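Letters A, B, C and D mark the chains as written, and numbering starts fresh at 1 in each.
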Amino acid sequence: MLPTPASGSFDAGVHRFAVRVYFEDTDLTGVVYHANYLRYMERARSDMLLLVGIDQAGQLAAGEGYWTVADIAIAYKRPARMGEDLIVESRVTRVRAAATVMSQAIVRGTETLTEAVVTAAWLDRHGRPQRQLAAWATAFEALRRQASSEI
Amino acid sequence: MLPTPASGSFDAGVHRFAVRVYFEDTDLTGVVYHANYLRYMERARSDMLLLVGIDQAGQLAAGEGYWTVADIAIAYKRPARMGEDLIVESRVTRVRAAATVMSQAIVRGTETLTEAVVTAAWLDRHGRPQRQLAAWATAFEALRRQASSEI
Amino acid sequence: MLPTPASGSFDAGVHRFAVRVYFEDTDLTGVVYHANYLRYMERARSDMLLLVGIDQAGQLAAGEGYWTVADIAIAYKRPARMGEDLIVESRVTRVRAAATVMSQAIVRGTETLTEAVVTAAWLDRHGRPQRQLAAWATAFEALRRQASSEI
Amino acid sequence: MLPTPASGSFDAGVHRFAVRVYFEDTDLTGVVYHANYLRYMERARSDMLLLVGIDQAGQLAAGEGYWTVADIAIAYKRPARMGEDLIVESRVTRVRAAATVMSQAIVRGTETLTEAVVTAAWLDRHGRPQRQLAAWATAFEALRRQASSEI
């Protein structure tokens, strides 16, 4: 049986995605280079979108548009190290006409390493904001409600 | 005569550093991948620190400590594209005991593409915050004053 | 239950490791940037070494040494694209005193996208070649025999 | 006066391009991550192509095609470290109908750190090999002759 790549899943509106730290992710200070946590978070968002039914590669190839990061606020609390297994937790916190806001955390066991708020905007092929599909907004809104009532 | 790598300079407290966009920086949407703007900003900060007299490689090798990113808030306004020449503008906005806060913008001619506020923290070899050298704080504070009176 | 990161396995001496292509891996030509296939191959080798009992992070932290790439010859045959699931196949082809040579291929279903021969050298903490542990050489040699009799 | 990014130049058919090592380029072994030397070499080739009159971004946008790496053989001899200034030397060694072969070395002062032979292929927008423009072949051939008589 062939091995499969990491794939995330939802639990009560929270998307969880696993990442392992490799040499490529670290820098000479011995820990993960700060910009690379953004790559981990993007992998998790891409996986989440796929589970929501959004085929980013297909949308882009069909000229229908693409998701882009409009802004990020990220706080680095503890470093991750080579060989560690991390989980990226993603929660939808707000659904707007042309954007979806998520809260993402990278955790190692019970420790939170990094926390971010990310606004993902849906653009047309020319890079202009466009209204997201009703089906997507509905799916994101359902996830938001589930995650916010999680406590 | 041998070519030299990009090197920045100060003008009235504002550090400017040039970057050219290469294939490695872009993704399939045709523009620079969002996490890579953080790499540009880090190159500019490293260059700025060098001009301020901080030899990061030497400090790290001597076990004296290293600068790390404690948090970033970044807004993406316009995309950068393959082959473009960009300028990273960096201004010190606050000098704290164990950290220096900077405002950084990536501009292309008169257009601002990306804006960020970055807190760089000075850590000891074990990754714990430590007070920055008096000479650094003085130099950063002088830059902050120059840049804030720049109008 | 928490998701887990990709993890490889051996079958008749051949190590297989799964990779999914993300935005970060592509460039503006729409396919994976050539240098990033090397990152996929390195992830697979790190996973293989772990299965063989080599804890690279631990060895490095203990000052015992680290594996490095001494040379690579790589041929790019077909491109990989965003969202695709790939398998990295790795075979030990030669075991030397201070190095292990591997043949690696990146495949998508029945198609071979990229093929490489990689020499990984075992260095001491000062970056000088050193004899690999007998247990490692034995394990690599066993894998080599299994893979070569695979036909 | 604004700073400018690194830009290469030709001397007797040899293209030289400067690179400085930043945090992003290193890994936890303290030296440049092996795949990142390929990024340095690609920057140098992009710069060389620009000087030869090939506007890769423009060609791609116009749907005329793009250059891709068909194969690389690279040997790592000495590591590069954070903060070092390196020169990428590129020589055309063979001009084919749909490809140009180059020999590239990364040097630090009088030391050669890395040597590679790279075949760059010219593809049409569908990723199929196509004959390179006569003007390009002529320019590459002139460089090849200059470089080979350099001794």
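Everything below uses one rule, namely that a contact is a pair of C-beta atoms (placed from the backbone, for glycine too) under 8 Å apart; a residue touches a chain by one contact, two chains touch by 3 or more.
As the structure is a prediction and not an experimental result, all values here were calculated from the model.
K.L.:
Measuring between mean CA coordinates, which chain is farthest from chain C?
P.N.:
B
K.L.:
Match interface B-D to one of A-C, B-C or A-D, accepting only the pair for which over half of the contact pairs are the same residue numbers.
P.N.:
A-C
K.L.:
For chain A and chain C, let me know how many angstrom lie between their CA-based centres, rounded off.
P.N.:
Comparing mean C-alpha positions, chain C is 27 Å from chain A.
K.L.:
Using mean CA coordinates as chain centres, what's the chain A-chain D distance in Å?
P.N.:
Distance between chain centres: 34 Å.
K.L.:
Using CA atom averages as chain centres, what separation in Å is found between chain C and chain D?
P.N.:
Centre separation, chain C to chain D: 26 Å.
K.L.:
Which chain D residues touch at least two other chains?
P.N.:
In chain D, the residues touching two or more other chains are 23-24, 28-29, 31, 35, 39, 42, 57, 60, 81-82.
K.L.:
Under the stated contact criterion, what part of chain D meets chain B in this complex?
P.N.:
Against chain B, chain D makes touches at 2-9, 16-20, 22-24, 39, 42-43, 46, 50, 55-57, 60, 81-83, 85, 87.
K.L.:
Show which residues of chain C lie in contact with chain B when the two form their complex.
P.N.:
On the chain C side, the touching residues are 23-24, 26-31, 33, 35, 81-82.
K.L.:
Give every residue of chain C touching chain D within the complex, in rising order.
P.N.:
Contact set of chain C toward chain D: 28-29, 31, 34-36, 38-39, 42, 57, 60, 66, 68-76, 79, 127.
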